[in-house]
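I have a structure here, written as structure tokens, and I will follow up with some questions on it.
Chain IDs A, B, C, D, E and F follow the sequence of writing; residue 1 opens each chain.
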């Protein structure tokens, strides 16, 4: 594992925030975001598990941890730029995974990208929730341009839940989202 | 889970660094450190697993994620202050775990504190390695007072490895440490 | 005087603020807070003096300057963590005073801790006023979680004034507080 | 001109630096870089002019000013990611120019991208020089991973000079580079 | 050109903002401000040109770039301090221009100071507009003391437009100002 | 006392540092510097007192606290700019003292400016020592341009000691300086 570069994720502010006027000193780093996503994913997986849903927690956590790790090589490129060339970026990110000495996680990363499994779905939802939470807080602090991202990601999350989640997951995600929203 | 406070871990610089002259804008946050610890613990667990050692990866990851989470309530209190009253702080941290709505993880947190299981040991080692890596980098950037922490934590790590790790874990930890040291 | 460590107070953000979501780049440092406390204490002492109250201004100023200086060793530990083990922390702080080569001020520090003298009372009040002022400003800038501290410290201040201050001091403190509140 | 977004260039740290361990608080912003590039381009154009070379200074300055302006929409994407899909990014940047209400400068931006004219060449060289200067300073301050960029951009600059510059420009660029290098 | 010092403009926060409570990490740098001023001046010059007004664009851009460059030597001294001793500061700034190796621009700098030409007027207006835009944004983010500057600079700008601008320039400036104000 | 503005001293980085390449996030604030100066002055006064020298400690401390307070109005203007017009700046600072509601300290501020008394001399020396200490540390961290200030202020300090200090003060200052230098 090439920690020399991975370490730098702690100094990369998330591009979405800084493109909307949040100074890097106020914005979260990519590493900060990974931490929050992992925590939320862990919480969702735990709840699903306690309801009897079979879910591989280790997979959920590992996926969360690596979900933005290619950014140690590529930087944080916004969705708008990737739009239409998702496959190219998918390839760039796979290559980054290898450059970072994380080839052992390539398969997991692919699974996440495809959002096919229950585990991947949980991580995708956690990623959105983490973004919405931080975004809402930035809006509250006076960074109003950020509202645009919060709205978009919320739409993305609801679409994700409605299209891909079913049964218990659907219910839990809706509950988690509403709980978390109330907590900020 | 009381994310309202947990979110703030992203703005808490690690006290050890700032007490040695590193400005918060240069130091890592507690959330940054948790991310790095988790990543390293995941790597160690993976290697152990691939060598046939039985290890509960989900437990390793969950423990890593929560290992400094009480600091969202307590702040980052340095070892020197806790010295001699470890039990009191253990209690304060347990209470913080509950205040943060993470009572479901109380048992896991206790296991980690006691460093009894293989999983706990891996996380403890990862915690030290993450600290040594960041510390070394700060020293390289000119913050020389940090050297003191690097030396102490390295001692702590070697003692931990020698006293508690055996068999494959001992070998792997020594290998991981030397690899990572070379990588910065 | 071990300035090597005392210098670092300028890079330690106050924990109360960062635990409530204020990024260190926006929060004040411990040294900043000491400066503000000293200035306010000087103002109060001056007013008392001009009203004929006997007060040792040099003591007031020296006490203000050293009131948070142990944090160069201990970091800024929040009241909540000290609650119930105040004596232990009192001892830790005394030791820190010595480590910093300030043993000449140990007696003064004790006097302040006990809040027994008029001078100590003035510094305690100034400490609270400085915290309320900065907190109010952070709330105004959008960091709403900080409100909690402002309310608590205001309560603490009023209790302090009502229980310990009498005569001219009581009047002056009430006047200073209301003047300062209006000025932000 | 959509200043609402362009304003944010002042809060976007250059990705190359943060990917190599420079905290955003130490790194320059994209706006900072544009300023420096423009200043250097102005200096080169001035020298060329005073030697009798015909050069359109207004064009040089306008090109410098807009050379990284699309990053207000796209963020600062590193060369490595653009490698192989330069045309796609060229299109994305053109679209960004329009979104920013700068369609009046589309032609100028294209001219710069193609590096065909003398003016474009001067701006390209100034862009590299600005990067080398800042990079060298970061290396001096202890951010050693940055060396990699300095070396690459220096190579790029020499190739640019040798392949595209001729006559007076070649001489001046070599002179400016050596003068500026000496000045840091 | 003495880039060694000019480079530092990127780390000098504008004094007006920090004197009104904006932390440097949130405030713009002098270089940031120069960039924004230049961009706005370029836009105004372009519009004037397209309406048939004769204007030397290269002069406008060069003036914008150098308009605050003496601050690399003097720091950013606020108007209030210069008030009444404008000539002294004019001399100090001229000397700074030379120290920075920019004597070739002394004449241009004088022209700007006197605000005699159309080009100088455009830059003066752009300088004010850039300040108003950033100030408005800071006010929106919760830094209310900044309002005072916004009001003053707006008055200054209107006086400037009414007294010195005539014909097309007057109309364009009013239009640009109202457009930009709407855009934040 | 107009705390509304005085509070802002905590966000004003010292101009000398930022003019030499130190980012504001790494540089100390004016309030930080006042704190350090006061602490050093207190130490010197204490030592003088314990050697039997008559010194008014309250005056020393009050003078230290207010020594840079006018900068809440004027910003931190460097010596180079004040050179030759010291009287003008003296007047500006006196006016600032009044604007800040500190007219009660005008006399004290004048005494300090004239450096006539023993107390004023101690504060002047402490001011220089505080600057040298911080400067040395910045140089160590890689900000080499700062060396220039350290050298100048050291010269200034030695001249001050040799010209104005006599007897015990001379000895103590030399001793304090050498002790403190060794401590960084």
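Convention: a residue touches a chain if its C-beta (ideal position, glycine included) is under 8 Å from a C-beta of that chain, and two chains touch if they have at least 3 such contacts.
Not measured: the values here are computed from a predicted model.
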item: Set of chains adjacent to chain B and to chain C; value: A, F
item: Farthest chain relative to chain A (centres taken as mean CA coordinates); value: F
item: Chain pair showing more contacts of the two, C-F and A-D; value: C-F
item: For chain D paired with chain F, centre-to-centre distance based on mean C-alpha positions, whole Å; value: 41
item: Rounded Å distance, chain D centre to chain E centre (Cα mean); value: 23
item: Centroid spacing, where centroids are CA-atom means, of chain A and chain F in whole angstrom; value: 49
item: Chain E, residues touching no fewer than two other chains; value: 4, 7, 21, 23-26, 137, 141-142
item: Contact pairs between chains, per stated definition; value: A-B, A-C, A-D, A-E, B-C, B-D, B-F, C-E, C-F, D-E, D-F, E-F
item: Residues on chain D engaged by chain B in the complex (per definition of touch); value: 21, 23-26, 141-144
item: Interfacial residue positions of chain E with respect to chain D in the complex; value: 1-4, 6-7, 9-10, 25, 28-29, 31-32, 34-36, 38-40, 42-43, 46, 56-58, 61-62, 65, 69, 104, 133-134, 137, 180, 183-184
item: In the complex, chain B residues that touch chain C; value: 4-5, 7-8, 11-13, 15, 18-25, 72-78, 80-81, 85, 88, 92, 145
